[in-house]
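For reference, chains read A, B, C, D, E, F and G in written order, and residue numbers begin at 1 within each chain.
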């Protein structure tokens, strides 16, 4: 991110606008998100596919499955995140509690758009009140309206936008362009998986092993289903980016 | 916004006046609003028309309808906003709660001017107490007094002004001049739609597809009615600014 | 306002005295008030006249009546303000609540001088405690003691002074000189109106339309009465400053 | 007030000692008091006289009596102040409430020295805790012990000193010297009035009209009695400093 | 106090250690105490003598007795202070309340050493928590253990040391040396008075009138007894430092 | 840690992102951890081994066992830490209370991954809210899922990663590489002990006495078992790094 | 303490890590402790000896016994401190209250190691939360486990280490080396006293009178016993460092 003259005078707190009306701390939080792995969500006829590249420690000692990028929120509700791991955990926990609160009050799943707005309001507060920093997380929240899948994207500013398919994290723009170019009018589950896998590969250093991906699918009124490395390997069969990366020295 | 010598000494907090009595953080918030899309509200004999240009992501993957610029507040009460999406959400939520509070206490719709004053008081507090920043939102709140439509404009300072028709957001001044020049003494609904659509086009990069507009109308004692892209296309038939923009690379 | 060497070291907070015992933030708030329109209050035998120049947006689309400068507080109590619109609203609301509190406790109108002291104490707190800024409002509060009219002026410091007639806002000093020169020992209502109108014209860019003025009168034990533009036009008949201003480009 | 090298490093908050143990903000508050009018209190055999020069606005439109410098606290308790008007109001209100609290608890007037200590403790807190500024007020509190009059002086530091007669505000030192030189062992009421009037004149720009003075007397177990301008004129008859000042342009 | 290079970087708050482990604000508070008058306490066989030089205003109008330096705390408990008058008042009030609390709980006088520790803990808090400054007071608290007199010294750091006789305030070190040199193994009351008076004279500008001294004595199980100027004159008969100081211009 | 230009502008608080999205205070806390001793945890078929190098004071007067690096949390739950001793104590206490809370609510041991997430959320708060610093601790928390051992690593950011074996503290990267190279598919307890001991030696200055190591093992549903120096000596028999270090001058 | 380049940027608050992970305010607090007197604790077969050098004011007027360095906490629990007197008082009071709390809850003496951990947690909080400074105290807390004596050292960071014998305060390192060199496997009380006295003398300016030492011994289940100067003189008989120091000018 290139600095402009005078920028440093306004970029220490999210409670200060720059003369041209920017909130630099929110923009810097977006930079933090760019450093994490790419994550993609793609809707199809009757469901949603979440695929995220895990910034795996190089070491084979790591339990890849412990690095979660996609999360179940409630029946028919799930999300994928990019950005700081610990910040994501806080937001996912918020979503889960809100979803349960709705379920208890109304005996139904929370509408995903309403959940997105609640989370957006939480995120907004961290851009307006002093003594804190914005959350460095982007998040694609998926759910269903009358069985029709939908996605809401949240970023550190608390803004929300709906998408049919979108990308967050590293190389977000290039991956989103790829998605837009390759997506057709309709997709079945297989096409969605293939598209999502290829899009993530587009934004990530390759080749990588199946364990480097956190892949999950969501169907109406059921729990998010996370794929095992074996499942992923099967889905990715023949895709050139799945392989064994060259060995580097350990480190994060 | 051109900086004056010494300005930087007084522009870090809304709790500091400059020697000439200005609150720079409030002015910078107005700058943030200028970066968003143009929004217009026009009253006519028996109703109000709200038209806003959505700063659509270029990508066709976006659900245009998810980017809301006009909002229902209560029966016979609605608004259109310009500025930060997440800030707008907070203010709209405030208006909705205040409106319900009034309805429960007095069994009637809240007078729109009274609602505007309540919101103005909220906005003012964010210009006088430390540890926060002003809201970067301008808002045109519409409602009815004995069936006669009216508009109240709110800006980050918390000031309120009434209008027959007005513009906020990008190119606000030019668009308002256009409105003033073209508006007649009386308008029916069709004329109000046409005027509002053309005014927004005046302030926006064109051509743009119908989905780029968030259009709604408000009538006394009924919910704000949002138009579908098809409705918008019909209303805008023959208007030269409706079309397909040139393709740019994705990004926001 | 001319800056003195070293002034910038002491002018960022109302909780800091300069070496010569000044509170610069309070003085800067007075500067903010000078940027608003002139307002005048003139007592006469049995009542008070309030006249204020509205800083009307040039646009004819504005509802002039929405820009209030004079306010009813309670029966036999009213005020006129100069300075930030949103700050004024907060103070007027405070006066109204205090007046009702007194009425409920003592079954009588609050004495206007007592109300003035309560408001002065509120204003003072914003000059002594950190984390806020002073209110950028001057205010002339009028009321009656045994049927005899009186005025109390309040400024951002919280100081109170009583006047028979006085001016606040733009060109306050020149307008007050004009008032002092032209005022006689006694005035009837007509003379008070004429004096007040001419004094405001003295401090304002002219010519201006009747709508540019917020004019009201107050009599004992009755609500403040606001004049319609037609009433104002009648009162101002023949006064040279009432007319149509030259058209400028829209803006505030 | 002459600045010493390094002074600016320690003079922004009352919670910071300079290396030589000074609290500059308290000293600056004393400077603010010097800018106000001179006030004097003189005890005599059976009572106390308070005389203060009002910094009257030049304009004849002002109600001189609205600028109070001497205040009744309770039966047999009164004071005169110099410094910021709004700060004085807060302290006088404190004294009145404390006096009533004592009266309710013990069914007697509060001893003036005890009241002075309570006020001193309030003032001290504003010199030790952050986020505020000291009060810019000096105050001479008068009362009686077994019918014998006494005075306590309070300044922004919260220190208290007892006096037989003393001066605060503009030219305090010269006026106090004058008092010391002219005061005899015993005075009756007439002598006390004459001494106090002449001392205030000593410290003030003259000539000035009787209205420029706030004059009051206090006797044991009775309310402070404020003199009317006519009374003052009678008392000051023949004193050369009472007259009509030259006309200057309005302003404060 | 001579400044060392770099000192200014660490001397603005009592919550910051300098690299060599000093708390400069506490040291600066000691400087403030040095500016006040000298105070001395001397124990003798069966009692304690307190003598303090009052920084009397030069003016003869002052009630010397109003400037208290020695204070009764409870039966058999008393103290003398040096430093800021208003700070002293707060500490004395604390001691009195603590003493009464102990008396109510245990039906006995509070042990003076225990009281001293309570006060020390209060003082310590003002050297460790932000947003305040240390108290600028040194204090010699006297009391009895089985009829044997004792003294505890408190300074702004909250440290406590016991003494048979000691000095605080101006020229503290020289006066303490004088005390150490002249004090014998045992003293009766007369010797203690003489020693204390001469020690204070040692640290003060002389000659001075008897009123310039605040002298008191404390005996077991009885109130501190304050001497009248006549008593002091008698005690000081023939001492060369008692006399009439040369007249200077008034001022503090 | 090499500093980049401009870094100092953003590295004073954990509530400030740098322009490239880094939280420097969190990174500096990691540096503090690097200064402590190496700690290693290795899972094997049915248990976990924890080995940590104690930064023993050179002095033989120290009770080596008082420097704890591995801690029992609950039955079947234990951890090893690297970083500031006092910070570690706070986190271990948190884990113990959370574990008991779970046990009381659900009558079972808390799942170690869930405990890790709770601790991660605590750590995250210290990276987002002002007025504090992050914890300077890394921690390997071990536990069992259906008898199968697992490890969760926590660092100052609050991120969590699962491992089969891992290293924290000094030379973390080199030691982790060593572990990865030497670890086989399966280990019994003896192999795990040997691997862990050799890995720690890899990262530590050697030779060192058995007392320099804090060694513990954890089995399902039983308390963490800490080895005595004699046990350690037996386990380490023949390992070249166990010995008597050269004598240096005392100090820490 | 030698300053490194850039150190000043990170050393104003305990809530800021330096780039190499240091907390300078904690290190500066250690410097403050080095300025106080040496203190030593030595365990022997059945007890503990505490010896501390008092930084006596030179003046013979001081009550040496009022400067406490060793403190009774509870039966079988005691400590010796080095550092700021007032800070020590706060920590000792904390230990006493904690010990009583344990006694009331469990009807037994608190284990000294557990007490040490509680105190360590208190100390840690003052290194992590803003608006305060660390405590400038090191402390050796002694107690018994099944009749076997033990010591825990606490420093400003809140870290705890166990010792058989150790030194804090001035020249801590040299004195600890001396202890290590001279201590045998087992000591009886006489040997422990001799060792402790000689170690303190090692770190202190000598010769000094017996009153300069605060000496106490602790046995299981009994109060800490403080030695009188006569006892100390007897114990130190023939030791060359006990004598009369040369007279210097008074001062602290």
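Note that in this section contacts are C-beta pairs under 8 Å (C-beta built on N, C-alpha and C of every residue); 3 or more make two chains touch, one makes a residue touch a chain.
Everything numeric here is computed off the predicted structure, so don't read it as measured data.
Asks: Counting one step per pair of touching chains, how far is chain F from chain A at the shortest?
Replies: 1
Asks: Measuring from the mean C-alpha position of chain C to the mean C-alpha position of chain D, what distance in angstrom results?
Replies: 30
Asks: Please compute the C-alpha centroid of chain A, do the same for chain E, then give the distance between them in whole Å.
Replies: Each chain reduced to its C-alpha mean, chain A and chain E end up 69 Å apart.
Asks: Any idea how many Å lie between the Cα centroids of chain C and chain E?
Replies: It comes to 55 Å between the two C-alpha centres.
Asks: Give the residues of chain A that touch two or more other chains, as numbers and ranges in rising order.
Replies: 130-131 - these are the residues of chain A that touch more than one other chain.
Asks: Record each chain of the ring in the order reached, setting off from chain F and passing chain G first.
Replies: Order round the ring from chain F, first step to chain G: F, G, E, D, C, B, A.
Asks: In the complex, go through chain A and note every residue touching chain B.
Replies: 6, 9-10, 14-23, 113, 117, 120-121, 123-124, 127-131, 150, 152, 157-166, 173, 176-177, 179-180, 183
Asks: Would you mind writing out the residues of chain G in touch with chain E in their complex?
Replies: Touch list, chain G to chain E: 1, 3, 7-8, 11-13, 24-25, 28-35, 57, 59-63, 65-67, 84-87, 89-90, 93, 126, 130-136, 249-251.
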